[in-house]
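Chain IDs A, B, C and D follow the sequence of writing; residue 1 opens each chain.
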Amino acid sequence: MAIGSRLAAQTALIPAMLIALVVYCGSTGWTIWISMTSSRMLPNNNFVGLRQYEILFANERWQVSVQNLALFGVLFITLALALGFFLAVLIDQRVRAEDLLRSVFLYPFSMSFIVTGLAWRWLLDPTLGIAKIAHDIGFEGVQFDWLVRQDRVIYTLLAAAIWHAAGLVMAIMLSGLRGIDQEIWKATRIDGIPAWRTYIFVVIPMLKGSFATATILMATSVVRLYDLSVAMTNGGPGIASEVPAKFVMDNLFERQNIGLATAAATSMLITVVAVVAPLLYAQNRAAARVAR
Amino acid sequence: MRRNAKWLSAARIGLYAFLVISAAFFLLPLYVMLVTSLKGMPEIREGNMLSLPHAPTVAAWVKAWSSACTGLSCNGIQVGFLNSLKILFPSVTMSIAVGAVTGYALSLWRPRGAAWLFGILMAVAFVPYQVFLFPLVRMFSYVGLNSSLPGIIVVHTIFGLPTMTLIFRNYFAGIPLELIKAARVDGAGFWRIFGAIMLPMAVPIIVVAIILQVTGIWNDFIFGLVFAGRENFPMTVQLNNIVNSTQGEREYNVDMAATILTALVPLGVYFISGRWFVRGIAAGAVKG
Amino acid sequence: MAQTAEVIHWWTSGGESAAVKVFADQFTKAGGTWVDTAIAGGPNARTAAINRTIGGNPPTAMQFNTGKQFDELVEGGLLADVDAVAAQQNWKAIVPPAILSAVTRNGHAYAVPINIHGQNWFFTSNAVMAKAGATEPKNWDELFVALDKIKAAGFIPLAFGDQKGWERNMFNTTLAGVAGAEGFTAFWGKRDPAFVKSAEFRKVAETYRRFKAYVDPGAPGRNWNDAAAMVIQGKAGMHIMGDWAKGEFTAAGQTPGKDYGCFVLSNHGGGYVMGGDVFAFPKPKNAEVAKAQALLATTMMAPDTQIAFARKKGSIPSRQDVDSKSLDLCAQKAMGFVADKSKQIPANELLSPPAVTGAAEDVISAYWNDATMTTDAFVAKLVTALTQTL
Amino acid sequence: MTGVSVSSLTKAYGALRVLHDIDLDVQPGEFTVLLGPSGCGKSTLLSAIAGLDEIDGGTITIAGEDVTEREPSQRGIAMVFQSYALYPTMTVRGNMSFGLRVKRLSAAEIASRVAWAADLLQLTALLERKPGQLSGGQRQRVAIGRALVQRARLFLFDEPLSNLDAKLRTEMRVEIKKLHKELGMTIVYVTHDQIEAMTLATRIAVMRGGKIEQYAAPDELYERPATLFVAGFVGAPAMNFLPGIVRAGHVEIDSLSLPLDRVAVAGPVADGTKVILGVRPEHIGLADDGAPGVVVEAATDFLEPMGADTLGWFSVGRHRISARLAPQRARSVSGLVRLALDLRHASLFDADSECRY
């Protein structure tokens, strides 16, 4: 490869390299170090080994946060993929007002939860929201108190999160669907395969890339899940809807306990790297094989 | 896809019914916000959030825009609107520029350390930003970037980097390598190829990048608060001041109006360019 | 050349803004220029202020709650002391000892204690109380009698904005009322496992949980001001909140004594839980800033500023030598508590650092919300939370 | 006018060596085709000549200048790619003039070169279109035009016709041949299609496994393939191979014994050597019709009519061979026949080294 261009390519990477090394790696290193100190509001260098981690993993709120994230993550990604894909399939049936519908499904993604959380909280409020309206129009028996029930509150977050992300999934799936060769449809019609079977056994495997993209995007937002919990329930009732990022944030700032906060952040980081690294490695191997 | 006419009608009705119900579900929060913003406080206290306002008034909108107090200044969120624009344009441009160049260099050239860099970026895409907040403050103080417009622009560039790099890399990876070879035979170097050939081809993914970054940067609160400096506080800081007062009376109609006003820019971007978004997003997709 | 002071605070609502305007106006009158940086939400404002201080670009003054929030800034040498102003105004004589010691570290005053907030007030709707035939309780047993009567009359007995911080505040109210100052400081101050395991504390815990039966199902997640509004509108009988809730009543045109009642309830006499707000001053970069800080501190503690501010804010002055006749009925009661050392309890912000408060708060919240959690479990978890923070 | 010469060129991807010590000398004005199956290294060799791939050893000389270390654009080359590699956002004119603009030629010079090339390739009417609006053949012409305007010393073609349908391919082949004749430039052309190679090339370099097996004019290559691989790869239908052992001046193939003196070999072949005898189908005929050569008995398996002639497939002992027959005659062929093998045109290869004797 040409020297000049290689040099230019290397030069072009300087900002990103700088950011990666100084900001990302630097901050991460600092975070890991602080997690092994007794720092509270300000960082100190009073080494305490893994004490913060012991405290962290004994902490009930942290345990609940991690469980919530796991449950939420799995359900959120599965359901948002399902709904997004379904909406995309429906919109792909040459419906009227396609542009309008697409925009309606997509707009939530443009709004932050800090902004829409209040509206959601109202809607789900057992004395104000949908439940009250149901009562007002005569359905006295309707009980909709999931927002205030410890064992159900996570599902209300789920509803809002799906509302937020399903449109994006739809957009990704729709563009994937539009890219599918029309001859596939002709072939399945000649073979007499019903449409739903075609979608499940032919189309979905073909949209592997779209599913992967949507999953990655949603996975990043799952790990970072913070705003939604703050805006809708602030972790409550009790600690029933706490999430790890909120644990980090609360301890970092409001609670002035950065030692514990960084221990939590480091735990999250290690988990992420443990999951992402093998995937990247596998992908790299695959890419190298394709390259020649 | 065209289907047989026989079962078409019944299925069609079901299809539209599902779409309409879904649309209602998606619009519900926006509707609640809208009608609330048009009501007076007494009517809001009555507590039927879905009912249309008896006597619609835009008073709350006017107040939110021009006279709601955030601290001692009672100029509404209009000041922040200008600040947000001041932050938005350079931040979106910078973050996309750096992401595009990095993605281009990673995908079509094989510079040293590319695999590592990409690995780090991928991992960071999953890390909550908050983790980096504190060290970044310290770093910025060393280089004198705190509380300044350049500071907040750099921050948005830093945190936009993983996603931007990822989508541009995926997009450029889909471009045939022969095109680069042809350009090199034509005598174009790294930057010329980028400017004359790659960028013009990248329009669909640039649209996606713009939408993602406009949304993210416009909705950002914490970075604006920490890094922008009080002269440059974005609209969201003022929105927070209006909506999140901890102690004292709350005017939900003003809250909602301020909220919708703040959301108008990203909303507008989505409604205007949703079509291109759908087209472009596939291009940035991970190749299965 | 006017002295310029940039002040970071979290007073953004209408009443709060009016209060902070008192400071700004007085400061301007004294020849300074007030630059206002209001950021809603205590943690947000503190984050911004602390980050800027660490980042070398500090504001002139920054708000904290009275207590331990700024401990480490002092230890880190990032704050300037206000000993000169304290000496000149003779704070020792005029500020209640608990409040003064809360701003003092190693013998130096590091913040201006601008006001005192009572945190454990009961507010009652006179109309609801009358309809239910209930009277203002004199002790905790009578309290539940009153609540039962309100419930029987078809009202919501206790209006509650069920969020973590207010759950803790209700717990603190119970702790102060049932176990008194000794119990309160044993819990938050000494964090004494023996006390937490004692029968007395079990009684606190069980009493706290009794409130659950008087709260409506819409409470979780509700904002406290919406809860206060339920009392104002005559939907609910009582509300437990700090004295800042008066602002809501005043905004609705209600007068204490006439439309609503306010009382503090303790089985041990007085039992007034005192917190408040302070302003701290980052180490000045130059003499100009130092002068502005001195002027700001002096102005904030000036007698007329103190009264005017307290009236707007709903708090009482931290200076006890001011003329409190212009304050409302509840504030008059408060001045009485504050004057008598035996009737006051330092708020938990004064006694424990935020890390401990937060950890305990999680446990308190879990106990309140999880009906299956036994008191034994509660006690055990509390001991861990109070003692395990590094 | 210029030549290109490659000497001792090696290239490896990690542990995988893709080019082994390549030497290639292309004369000025020559049309050299690099021919071989996929993966033989022919495209890599072309890339190396273009400077698009780094090499691990050896030198490349163009027009007498060592260009090994030079950028592609500094080598005085033009290149046409398999996918055409047209810049999709530029018009035809933009595509053709991009390289000239990069080289900062004057606007007038650019315009005149583009006009010349467009005229030559009948693209004048399409100059303002984008590649997306063109047919496959038109795109191919634009790609060639983009190369032509460079007035390069050396033209490199990387399988330029493989994306076209059969009819267009033939047309374009003629056009490229015409261009070469008219403009007389030096061309290095990569393909895996031996017909393309035979029709276009002045010389063909047959490659296999990163080595050049033979570099010779098409006739020479066809008539006197240097290796078993070249013999098998060039010519359709493929040459018939019969393995045997040399004994007493004869090649013994199972029960057959064919006299060695009829076969044109360079020197003596020792007794007991394992060999492979190669005979092209057109050198096998029906003895009864008076075809020359050594006669063997064979059983008819089946017939493949190919239009101009018919390919007959026969079994000789354990071996199957094909013969090119006249269609009229072939219709009556069946059962046992007598085939005449014209050994004067046959090739003899060593079974171990696969080299020609």
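Note that a residue touches a chain if its C-beta (ideal position, glycine included) is under 8 Å from a C-beta of that chain, and two chains touch if they have at least 3 such contacts.
Worth saying up front: this structure is predicted, and the values here are computed from it rather than measured.
S.K.: Kindly list the shared contact partners of chain B and chain C, in label order.
M.R.: Chains touching both chain B and chain C: A.
S.K.: Comparing centres built from CA atoms, which chain ends up most distant from chain B?
M.R.: When every chain centre is compared against chain B, the largest gap points to D.
S.K.: A-B or B-D: which has the larger count of contacting C-beta pairs?
M.R.: A-B
S.K.: Return the distance between the CA-based centres of chain A and chain B, expressed in whole Å.
M.R.: 16
S.K.: Can you check how far apart chain A and chain D are, centre to centre, with Cα atoms defining each centre and the answer in Å?
M.R.: Centre separation, chain A to chain D: 55 Å.
S.K.: Counting only Cα atoms for the centres, state how far chain C is from chain D in Å.
M.R.: 90
S.K.: Using the touch rule from the top of the page, what residues of chain A touch 2 or more other chains?
M.R.: 1-2, 4-5, 127-128, in rising order.
S.K.: Listing for chain D: what residues touch at least two other chains?
M.R.: If we look for residues of chain D contacting two or more partner chains, we find 51, 71-72.
S.K.: Specify, in ascending order, the residues of chain B that touch 2 or more different other chains.
M.R.: 133-134, 184, 240, 243
S.K.: In the complex, go through chain A and note every residue touching chain B.
M.R.: 1-2, 4-6, 8-10, 12-13, 15-17, 19-20, 22-28, 30-31, 43, 83, 87, 90-95, 99, 101-112, 114-116, 118-120, 122-123, 127-129, 132-133, 136, 163, 166-167, 171-172, 174-176, 178-179, 185, 195, 207-213, 216, 219-220, 223-224, 226, 245, 248-249, 252, 258, 262, 265, 268-269, 272-273, 276-277, 280, 284
S.K.: Applying the document's contact rule, which stretches of chain B touch chain D when the two form their complex?
M.R.: Residues 176, 178-179, 181-188, 192, 196-197, 200-201.
S.K.: Quick one: which bits of chain D touch chain B in the complex? Just the residue numbers, please.
M.R.: For this pair, the touching residues of chain D are 47, 50-52, 71-74, 77-79, 81-83, 85-90, 98-99, 102-103, 146, 150, 158.
S.K.: Going by the contact rule set out above, which residues of chain B touch chain C in the complex?
M.R.: For chain B paired with chain C, touching residues are 45, 69-74, 133-134, 137-138, 140-141, 146-147, 225-226, 230, 237, 240-250.
S.K.: What part of chain B is in contact with chain A in the complex they form?
M.R.: Residue list for chain B touching chain A: 1-3, 15-16, 18-19, 22-23, 25-30, 32-33, 47-50, 98, 101-102, 104-106, 109-115, 117-136, 139, 157-158, 161, 165, 184, 189-191, 215, 219, 221, 236, 239-240, 243, 252, 255-256, 259, 262-263, 266-267, 269-271, 274-275, 277-282, 284-288.
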